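Several structures are given next for inspection.
Below, chain A partners chain B and then partners chain C, in two separate complexes.
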Partner chain A sequence: MRRRRFHLSIWESLVNRLAPSVPQLDTGDPITAAVWNRFVYAAGFHLRAPSALLYQTISQSVASTTPTRIVFDSAVRDTEGGHDPAVNASRYTIKTAGTYLVTIVAAMQSYTPPGGEESLAIIVNGGVFWAIHILPRDPQMTNTWFSCTAEIPLQVGDYVEGQLWQDSGQAQDVPSAFSQPAAWMGLHWVGV
Partner chain B sequence: MSAPLLPAAATVTGTTVFSKDLWNNGPAALDQWLGDPPRAILAQTVAQSIPNNTDTPVAFDQAVYDNHDGRNAAGTAWVAPAAGVYLVAATSNLAWTGASGCFVGNHLAVVGKTTWAAVELPASPGPVRFQFSLAALIPMAAGDGVQLRIYQNSGAAQPTGFITSACRLSARWIAL
Partner chain C sequence: MPPRYPLPIPAGVGVAQLGASTAWNTTMPPTINFGLNRPYGYLWQSVAQTLPGNSNRPKVPVALDSGVDNAGAHSGSVNNSRYTCQLAGLYHVIGQLGMRSPAIVGTAEQTSQLDIVVNGITTHAMAPLRFDTGPANAGGTVQAATYIQLRVGDYAQLYALSYFDPITTFTDYRRSAMFVHWVST
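This part shows the complex of A and B:
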């Protein structure tokens, strides 16, 4: 029997969406309202899957040799309410389990002396690195721009962050003086 | 495992009676495909020597998942089971003891065809390791193999590493 009961409360549909699952039917099974509605739900879910696009408008300092989470104070969208700019603003917390495409872009000022490293990473649950981009630190560049992309399987409650790191011996800023935000993080549910 | 076929829901006429096959091959199959298309995340857990001056495919010995067994026997390519556009992303890890004046590169490439994404940087001043993140949308035919390749010209072999993150490659069908 491949059919499964499907009860989706209004609360669940708004706060903690479930990944869709349209059942296969056996011979003689009717296409009931419940089965049809699961298809309707699935179509809506796939067209508007859990998604967020966060960005930073306030300059942030990155201390030397200190892993620093990027603080996102604003959001273009956040379909599931996974980001709270007032509490743990660096985090996007997963509300719907699945596999997510995560991208991060960030800039950081470059200072002397040359040598050493600077990096941007995508980190899950405070410690698991899913993507990282390390560059040789070169003060000939006023700012260094990085980007990272990863496809990440995530459970409800997992949280995703961006991390900057540098070893110049002094604090470097994520600058806010550009005509655009200096840090973005996008997440999109792409499958189970 | 046979190659998966993208669901194709049948068009019906005014007197067609809905059957289980219409449903199973239409809405149910389409939802299944959209939620779980051909996809893989591969990881490296064993260090690999990247020779000097050779664009070398990374050998992935572990599949975090690979729902159509697309990883080849050597782990050096993920073979697309169905035609389509794939989102491919990778992170590399190369320990570095080379001198200045060299460079390091990463490439996402389809075997025998095209390089779709690349990062190439001078290794000067050189950090203790290089890790790059790169991604691309890549059209592939069924049977095409995509690779993450590492290049370096330090004058000697350099090993892949595991600090923070090992080499990873993900691929996902996203459209025809």
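This part shows the complex of A and C:
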């Protein structure tokens, strides 16, 4: 009788968590402890899939016409350790491959002159745009709030960031030093 | 077209039931593995689309000529604005519309609009898009997101509100796109 062996592929050995798949059995195969535990692992994975919720507590300045990564210095949760507030704090680095639902929201103070643009984008690996929200600058608004969402297939080592941009001719702040964070990034694993 | 990822139907077992591998195979792998590959589509526009100028400002489906689709729900060439449901259920949909400003600027009502629409009739989400009042063709990009309940054959689309003058979509990093993901029965 042919026996199916369970092993870690090269891909699986590189990730923090295995893809939570459950194998088919050959006819007559017993349900072994290994097979059963694979199911238990998969069920547990789905109950606590990789997720993170990062936010900013320190106000940040966005220079004119300079793409600026949002610095997330704090985290509500980070199940995989994909974020380090001390090193590359703007990044969430993927530890478990898969498709992730990513949402970033951020506020930026609005200054004169009107007529230019302000934007928030979700960027992968420092340069690939997956979502962007562009608004004309309106100095009558104290803060302009942006929101971007995307579902992004990501590999281990890929990193996700939020990028702000504006062309007012002067620096504008992400006012997180005030009463509440003005920038958040939330994400969770939704599939392979 | 049958769903590429049919919905699993878990089955219980009786006391001392024989054929454990069969019972396992009909329950455990489909149930768990379905969760790894739920119907998902990421569609985008790579060929610019011009909405003719029209004082009645009709809404126009946004062509999505490129994409990734694991459920056979989208064609890049036939009705390519549509994501057609192959597995009934609740879907999470994200739409993005990127539109250049009209070549003639300075009119008072410089807006377009993004709608997420089901079956060409029901609007489930919308977001106004205000053009940059600076240089011509500067434009803007907005997003909307919502949950929609779909039956097999229902289709989701993005619509763009036309303008008095012709307006053209972006195809660069500001391009229009739609994400669709099955969430639940």
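Odds and ends about this structure:
Quick note on the criterion: the second predicted complex is superposed on the first by the 175 of 192 C-alpha atoms of A that agree within 3 Å, B and C clash if a C-alpha of one lies under 4 Å from a C-alpha of the other, contacts with A are read in each partner's own complex, and residues count from 1 in each chain.
Please note the rule applied: contacts are C-beta pairs under 8 Å (C-beta built on N, C-alpha and C of every residue); 3 or more make two chains touch, one makes a residue touch a chain.
The shown structure was predicted, so the numbers you read here are calculated from the model rather than taken from an experiment.
Clashing of chain B with chain C is the outcome of superposition onto chain A.
Contacts of A:20 after superposition on the shared chain: both chain B and chain C are touched. In the overlay built on the shared chain, the residue A:145 is in contact with neither chain B nor chain C. Of the two partner chains placed by the overlay, chain B and chain C both lie in contact with A:132. Shared contact residues of chain A, touching chain B in one structure and chain C in the other: 19-29, 31, 35, 39, 42, 46, 99, 101, 114-117, 119, 121, 129, 131-136, 147-151, 153, 190-192. Interface residues of chain A, counted against chain C in their complex, comprise 19-31, 35, 39, 42-43, 46, 99, 101, 114-117, 119, 121, 129, 131-136, 147-151, 153, 190-192. Interface of chain C with chain A (complex): residues 20-22, 24-25, 28-29, 31-33, 35-38, 40, 42, 68, 92, 94, 96, 98, 130-134, 138-143, 145, 173-174, 177, 179, 181.
On the chain B side of its complex with chain A, the touching residues are 18, 20, 23-24, 27-28, 30-32, 34-37, 39, 41, 64-65, 87, 89, 91, 121-135, 164-165, 168, 170, 172, 174.
Against chain B, in their complex, chain A makes its touches with residues 19-29, 31, 35, 39, 42, 46, 99, 101, 103, 114-117, 119, 121, 129-138, 147-151, 153, 190-192.
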